[in-house]
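Here chain A shows up in two complexes: once beside chain B, once beside chain C.
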Partner chain A sequence: MKREIWKGSEAIAEAAIRAGCRGFFGYPITPQNEIPEYMSVRMPAAGGVFVQAESELAAINMVYGAAACGVRAMTSSSSPGVSLKQEGISYMAGAELPGVIVNVMRGGPGLGSIQPAQGDYYQATRGGGNGDYRTVVLAPASLQEAADLMFEAFDIADQYRNPVVVLVDGLIAQMMEPIVWKEHPGRPLPEKTWAADGRRGRAHNNFVTSLFMDAPDCEAHNLALLEKYKAIEANECRWEELMLDDAELVLVAYGTPSRVAQTAVEHLRSQNIKAGVFRPITLWPFPYARLREIAAQPQVKRFMAVEMSTGQMVDDVNLAVAGQKPVAFYGRCGGVIPHVSEIEGAVLAAWKEGL
Partner chain B sequence: MTTIYRKSKGLQDVPMHYCPGCSHGIVHKLIAEVMEEMDLIQQAIAICPVGCSVFAGSYFACDAIEAAHGRAPAVATAVKRTHPNQPVFTYQGDGDLASIGAAEIVHAAMRGEHFTTIFINNAIYGMTGGQMAPTTLLGQRATTAPGGRTKEQAGCPMRVAELLSTLEGLVYAERVCVVDIPHLNQAKRAIRKAFEKQMAGEGFTFVEVLAACPTNWGMDPIGANRWLMEHMAEYYPLGVVKEV
Partner chain C sequence: MKRAVILSGFGGQGVMSIGKNLVEAGVEEGLEASWVPSYGPEMRGGTANCTVILSDERIGAPLVEAPTEIVVMNRAALDKFEPTVTPGGTVFVNSSIVPDPVSRTDVKAVYVPCDDIANELGNPKVANMVMLGAYIGATKALKRETIESMIQTMFAEKAPQLIPLNLEALARGIACGEGT
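Entry: the complex of A and B
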């Protein structure tokens, strides 16, 4: 198949359209403006709807509306804008509406910086808005994977009737890489019999809502959501293992830092340090069980989480490792990307200290 | 035996929760009758607000979507654009539309979205218990303005139909009320005209209904209707505000 050079943002947008997305609603914010710009041309050509909304709030509520009447829909934004979208994401989770939210993360908090960062991990993996809910979080580390995961994002959203977040740092959206456009057969998906798209002969009206006036009803709804989340945890966990077979030191990283960590591991191996990379692809559900198995292996001595934040995913690494082995952390933040030599240095320091 | 009156098929056969003297039930009925007369029940999609009418989707017989507070026009934008041949309307109160949802309604009107908004202006927050709204009259008491709203503290009330009528995308705005049969009939004509213009693809249509809230106004239903005509209709004049 033909390899094509694509820019990250545009590849994500194109993949969404190829995955059947027919509603895009967005608002300008750096570093993801190429997504709405691309969609403004390509979406109408594909027979879909593009609206530049008045705000991030309006944009996510447009996604809510399109999803509520059965249309595959998405929005994209960057960190401060995604904070504004949390209201709508919570309502989507509550009303059990599918939809895809792309967050091209930049430095924070507040306006922060416009360079790549990973400071929104907690927000993405712990719901982010009000109430007991989870969003599926997919974290590609290359443009090929980003394009492939957009298809999965819409399928997962439709299968479980739940919002899916595609979480990338600004580097993934801004860089260019070759992509092969693959066939995606998809998975069997349920009919959207719940959609409020006009009765057209249906015996009853469909009312899409997240409101339950009686507490026991709301509790039952929350427990039903919990069952769904358990099914997602059982079925949708993804990760990649690089050079872990004999690894004594396991670097855990997602997105851009996982690529830097991989290069660092190659350098370390040339110095006879047996390191490897564990890369979560789904950040929620986090691959706790597999990481716990790895921690139990006798040759594994130590873990180190590498992030472009002050340390967020490292909490999940600790939950997974559960005290079996020490867990160290190395991070750069605020839009600074860690250099290979820095990760190498951090690993060597930990190596000397702990082993 | 001849049937001279029956409940509209545009409503489900369920009891409503509205207070005695509240205008919501009457406006629901008028929308339902218009949908039935225009044969729209099977196609229509209602976007419901947060506030007293949060359950409207359990009353209308058409499909419905519950929006977050103030966001109904954003939801309706996506619904209408993805289903351009189906009637779509938002039903919103004054806290929902004129306060927390001010941006959404202004921009939907600016874009000339092809849906209809039914705006219930009762000059108060109803469901939360009588707090001041952007539409609360000067001097009117509210639980967050217990001495009455003052211009110095909260500014002057917002005339939403006039505000939106400055936007080119809005093709029809009329202010009505439902205090008696003649006014009720005029309100129904306005709702029908709004739906007709929507279905003709003319642009954004807006019907503001001055509504009574006896519970939070601290009045009986008849007194509330009298107060509405004496005070609200003075500040918010009834009639067509804009028609293109």
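Entry: the complex of A and C
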């Protein structure tokens, strides 16, 4: 199949349309403006709806509305803008509405910077809005994977009737790489018999809400959501292992830092240091079980989480490793991308400490 | 094979598009390729740069600390990136704009009067194509034919009359690069 060169943001937008997204609602913010820009041209041509909303809050509620009618819908934004959408995401989780939220992360907190960062890990994986809910979080590290995961994002959202976050840093959105547009046959999906898309001969009106007046009803609803999250945890974990077979030191990283870690590991291996990379692709559900297995392997001596934050995913690494081996951390933040030599240096320092 | 190139110059000098051309040609030849722009609160007329990696293996870090080559289209770019080039690497200087010589002795310097050649050919816009030619001529990283057919495709629909001009600019650049 032909490899085409795409820019990250545009590949994400195009993949969404190919995945059947027919509603895009957004509000501009750097570094992801190429997503709405591309959508504004392509979406009408694809027979869908593009709306530049008056605010992020409006945009996410438009996604809620479109999803409630059974349409595949999405929004995209960057960190401060995604913070504004959290109320709507919580409502979607409560109302069990599918939808995709792309967060192209930049430096924070607050307005922060416009350069690539990963400071929204907690927000994405713990549910940034109120209540007991989870969003599936997909974290591509290349443009090919970003394009492929957009198809999965819509499928997962529809299968479980739950919002899915695609979490990338600004670099993935801004860079160009070759990608192949693969066939995505998709998975068997339930019909959207719950959609508020007109009476259609039913005896009742479909009613989409996250409100439960009685506490026991609300508890039952929460427990049903919990069962769903357990199913997602069982079915949807994804990760990649690079050079881990004989690795004594395991770097854990996602997105851009995982690529920097890969190059650092190649350099370290040429110095006879057996390092490898464990790359979570789903950040929630986090691949705890597999990482715990790796931690139990006798040749594995220690872990190091590498992030573009002051240390967030490292908490999940610690939960997985569960004290079996030491876990170190190396991070840059605020929009600074770690260099290969920095990661190499941090690994070598940790290595010496361990001897 | 792995090459990591930083291309830098004023906005409008075509450094981003030289980078894109390298990626397109690399992909055409079956290589892995990545292109990362500098982005930030850019100023009109300020210096822009991009990083291109061409490799026959999966590309890890898409940014580099020690490029194998740099392409500098203005003086600020030379000052900023000359110290970073890996020893034995190459510095491509647009000598029409940058009067200074490359000061390091452990790198190869290729001086290309891009704007002078472009003006001789009657169109200042092809200065970047001259530089692309010089890069290909000196490094042999990609085949000349690949770039030529890319130029044909690029202009075929919108401006076929510009094809001979761009091919000539490329040829002049290649001659510059090959002689070094």
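In the analysis below, the second predicted complex is superposed on the first by the 355 of 355 C-alpha atoms of A that agree within 3 Å, B and C clash if a C-alpha of one lies under 4 Å from a C-alpha of the other, contacts with A are read in each partner's own complex, and residues count from 1 in each chain.
As a working rule, a residue touches a chain if its C-beta (ideal position, glycine included) is under 8 Å from a C-beta of that chain, and two chains touch if they have at least 3 such contacts.
Worth saying up front: this structure is predicted, and the values here are computed from it rather than measured.
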Which superposed partner A:114 touches (first chain B, second chain C, both, neither): second
Contact breadth on chain A, by residue count: chain C or chain B: B
Which superposed partner A:25 touches (first chain B, second chain C, both, neither): first
Partner chain(s) touched by A:171 [first = chain B, second = chain C, both, neither]: second
Which superposed partner A:214 touches (first chain B, second chain C, both, neither): neither
On chain A, positions contacted by chain B and by chain C: none
Touching residues (chain side chain A, partner chain C) in the complex: 3, 5, 31, 114-115, 170-171, 174-178, 256, 259-264, 266, 337, 339-341
Residue ranges of chain A touching chain B (in the complex, touch as defined): 22-23, 25, 49, 51, 53-55, 57-59, 61-66, 68-69, 71, 73, 87-88, 91, 95, 196-201, 205-211
Contact set on chain C toward chain A in their complex: 20, 23-24, 27, 32-37, 39-41, 58-65
In the complex with chain A, residue positions of chain B that touch it: 12, 41-45, 47-48, 54, 57-58, 60-68, 71, 74-79, 81-83, 86, 103-104, 106-107, 111
